[in-house]
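Report on one structure; see the data block that follows.
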Amino acid sequence: DVTIRYAHVGSEGDIQYWYAEEFAKRVAERTEGRVTVQVFPNSQLGGAQETVDGVRSGAIPLAHHEFASLARLLPDIAAFAAPFAYRDGRHAMAATDPNSSEVMQDLSQQLVDAANIRVIGRLYRGARQMTANMAVYSPADLEGQRFRGVPLQLWTTMINGMGAIPTPVEVAELPTALLTGMVIGQENPLTMINANKLFEVQTHVMLTGHMQNVLPVFINEDAWQSIPEADRAIVGEIAAEIGEETLEMGLKAEVDLIDELKGKGMTFITEADGLKVEEFRTSVGAEVAKDFPTWAPLIERIQAIE
Amino acid sequence: MQAPPSGPDVPAAVTATDGRAYAIDRMIEPVRWVFRLTSLVVLATLIALPFIQVVLREVLSTPIVGVEELTRFMLICSVFLAFPYVVSAGASIRMEEILAFLPSRIIVIVRFCTSLIAIAAFAILAFASLYAISRNMDNATPTLGIPYYIFFGAAFAGFTMTCVECLIQLFKALQGQPLYITFRQEQEPPQEFDITFDPMGKGN
Amino acid sequence: MALILILAFVVFFILGFPVVVALAVPAMVYVLYSGFPTEMMAQRMTYALDSFPLVAVPVFIFVGSLMNQAGITGHIYRFAQVLGGRVPGGLAQVNVIGSLVFSGTSGAALADISGLGRIQVRAMVNAGFSPPYSAAVTGASALVGPIFPPSIPLVIYGSVTSVSIVQLLVAGILPAILFILFLMLVVGWIAIRNNHPRSSRWPTVAEVWTAFLPAAPALFAPILLVGGMLHGLFTPTEAASVTVAYVLAIALFFYRGLTWQRLVFALFETVKTTSAVLIIVSAAALFGWVMAVEQLPQTFTRTLLTLSTDPLMLLFIANVLLLVVGMFLDSTTATLLVAPLIAAPLVMAGVDPVHLGIVFIFNLMIGLLTPPLGLALFMLSDIAKVSMWTVLRAVVPFYIPLFLMLFVLTIWPDLSLWLPRMLR
């Protein structure tokens, strides 16, 4: 019998928390106890970087986190997090399915060779949307404005493409920074915007859907091989099936959240209201092509899917 | 945290002495200065960086992405590099008061064991850091790409030197010499003017 | 297994092992014995310091040291003494109120103790108070910082549990003021009983003015910092570094007491104190990791929470849990580890999440002043140059207002919720 520790940084209420709990439950049932998954949520075993390093060394066998956090081990894998790479959430999930997407399988194998880590599934956390203290329609509106970006090159590139000045702010200090106007806006999935009560400090949501937040579930290769082959198939199946469920839940939650946030006083701006998503796509695309030249063939393969 | 104890009731073996009093101290002095000055410079930079970021962002509108990360990694380096200094200055946080109730013979034995365990622990931690370096040669921080070997290196250097300091203290304790070290630069300069707090005199 | 490790830590601690060693050794034995990768120990100890709230610690230690070395402290406290010296408790009262006033500039109890505390202890000792008592007053009053805005621990709590940070910060205001009043009463009472130093008469306006002028640039610092933060010029963490720049500027252009020798001394002191305290945070993280792997906090919490379904009863249980946790873990680690575990069930039982946040943080702050792992006690003994045991004995009377405050905070939700409700 195998026991596998599964660490992640999500807390209760987040879809990733539900994913891990559900995963542990179904694995125990369907392998009839041959494989036990012990979940450690809330960064109990360490933050993002530590989780990734832990999976690599084997201290933490199983985890999920952003594609960008694997970029240190395999730079090209962050292409899956590229802005405007997908048509929608469904497309994003199809392109990142390790059971069916060839480009995902390729990169997962490269990750095994490079870092002893295998991607066995993924889950959907919704599209990232832009919020600000003013109406934003096109990159021109953000000219010279300070906009909060995750302190990673990919976000710096994207926010430059959106026309704003990428400005780092710690997540914990984000509400204060938005309240005081240190930055005029930020971008995150609607669930995070609602959960962190950013509606208290922001007036507008622009439905740019610029990124699809898909989290890969990855496992230490030795831990993976320690699971009997038949059970590996079951585990992979479960990872995929709960992944699909997160997509359905995520898409539905998005619709509900828009209503909820409107009720809390936020104004939504969509393409119908004059939001120039194509302008953002072109201008961000140009920046990405400039800063990440090796991604072009990968993004092409991603966009060819389905 | 224990200030280097001094005074009539403190045994000679735990009082502090000038960093050049014994041959072994004179021998190791340059290494000590390397550690102290490096951690000092790193810390001074760490203190200045957020202010520089504020100026860059508010005055020049060009915030540097990654200053936060740099500050955090400087903190790591400074803490580990300064740790041997903490040990040699006797500033390690501990509580010896309960131990003091025990008979002096037992205290000596406990102190000796503490010393041996500490030496072993720091040696293993130094080894673990070295191992972490070997496993992370290609790894680097997400934003600025600072190689991991830099701060694991700081941990390795810090733990190794701490181990050496503990060995020196064990050796000194066996010789009955004062354990702790202070240099002139770390002694508080005298107040140039007298601070009188109660210009109106004390009374009730 | 987890209990054996805790027992080992306590025994080592009592036997006078350096706290780092007492924490690291049991955890290391566990890691090696259970076959975890060796490098994991180094990784955990290193990553634990990769935390943005901790960056403010050395900066505030430096501010305090710098203000001492530049002679600014003297001017501030001469003014404070002239103004409040006649009140029973004199400078001790100033120390208490000072924590509230300067809380805006630090927002973390340890930073308050190491920075401002250094100044306050020295001033009190110079005015004739005993070093242990000065340390105790400083420690108890520093606990107000994290419940009065701005507050780094509340921000962390809010981001871990997804509770509105703005509401949490506002909720802390009234409890903080009440707590300060409690402390002032205790300090006044102790002063009268023990005949503490006190001025013989009230000052004249001219005396106040003469004392105020040289202190003015330093007293302007909190106004400048809070103003800057409200205008979005810098974040609370950046405020620490801005303070250094401001203090350096007034030290060079106004006070002119700062020499190279003093600056170097201040830096050395900062390096040493920072390392001595943070290396423990680092070892505690390794220890906490092992506890988490052994699922101790999880099991412990789950068991305790099944004992009742009454919100008030659950809050009391949470208090006990948090006091125990606060004794062993530093507040950041404890928040990350325990907040997610207890927040959900308590909120479901009907406890207001904002109220819980204030109770939660105040509990952990009390843990800073209780052995065995009371980081504040360690710092105070360093600052006051007395042993930890002595500091602890002087702190004991202050447990009364601390626990009274905790009790009031627990049973009276409106104290925390009245202000934020006006925002809802």
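Letters are used for the chains, namely A, B and C, taken in the order the chains are written, and counting of residues starts over at 1 for each.
Convention: a residue touches a chain if its C-beta (ideal position, glycine included) is under 8 Å from a C-beta of that chain, and two chains touch if they have at least 3 such contacts.
Bear in mind that the values here come from a model prediction, so they are computed numbers and not experimental data.
*Asks:* Grab the C-alpha centre of each chain and report whichever is closest to the global C-alpha centre.
*Replies:* Closest to the centre of all protein C-alpha atoms: chain C.
*Asks:* Tally the contacting C-beta pairs at the A-B interface and at the A-C interface, and name the larger one.
*Replies:* When the contacts at A-B and A-C are counted, A-C has more.
*Asks:* Take the average of all CA coordinates in subunit B, do the same for subunit C, and state the distance between these two points in whole angstrom.
*Replies:* One centre to the other, that is 22 Å.
*Asks:* If you average the CA atoms of subunit A and of subunit B, how many Å lie between those two points?
*Replies:* Chain centroid spacing, subunit A to subunit B, equals 40 Å.
*Asks:* How many angstrom lie between the CA centroids of subunit A and subunit C, rounded to a whole number?
*Replies:* Subunit A and subunit C have C-alpha centres separated by 36 Å.
*Asks:* Counting only residues that touch at least 2 other chains, which ones in subunit C make the list?
*Replies:* 37, 39-40, 43, 50, 52, 233-234, 237, in rising order.
*Asks:* Among the residues of subunit B, pick out those that touch two or more other chains and give their numbers.
*Replies:* As it turns out, subunit B has residues touching two or more other chains at 68, 135-136.
*Asks:* Which subunit A residues touch at least two other chains?
*Replies:* Those would be 49, 53, 57, 170.
*Asks:* Subunit B touches which residues of subunit C in the complex?
*Replies:* Contact set of subunit C toward subunit B: 13-21, 24-25, 28, 32, 37-43, 45-46, 49-52, 54-55, 58-59, 62, 69, 71, 73-74, 77-78, 81-82, 85, 91, 123, 126-128, 195, 197-201, 203, 207, 211, 233-234, 237-238, 240-242, 244-245, 257, 259, 261-262, 264-265, 267-280, 282, 371-372, 378-379, 381-382, 385-389.
*Asks:* Contact residues on subunit A for subunit C in the complex?
*Replies:* Those residues of subunit A that touch subunit C are 5, 11-13, 38, 40-47, 49-50, 53-54, 57-59, 169-173, 175-177, 179-182, 195-197, 200-201.
*Asks:* So in the complex, the part of subunit C that touches subunit A is made up of which residues?
*Replies:* Checking each residue of subunit C against subunit A gives 36-37, 39-40, 43-44, 47, 50, 52-53, 150, 155-156, 158-167, 229-237, 289, 292-293, 295, 336-337, 340-341, 343-344.
*Asks:* Over in the complex, which subunit B residues touch subunit A? Could you list them?
*Replies:* 57, 61-63, 65-69, 135-136, 139-143
*Asks:* Quick one: in the complex, what on subunit B touches subunit C?
*Replies:* Listed in rising order, the residues of subunit B that touch subunit C are 1-3, 5, 36, 39-40, 43-44, 46-51, 53-54, 58, 68, 71-73, 75-76, 78-80, 82-83, 85-87, 89, 91-99, 110-111, 114, 117-118, 121, 124-125, 127-129, 131-132, 135-136, 151-152, 155-156, 185-189, 191-193, 195-204.
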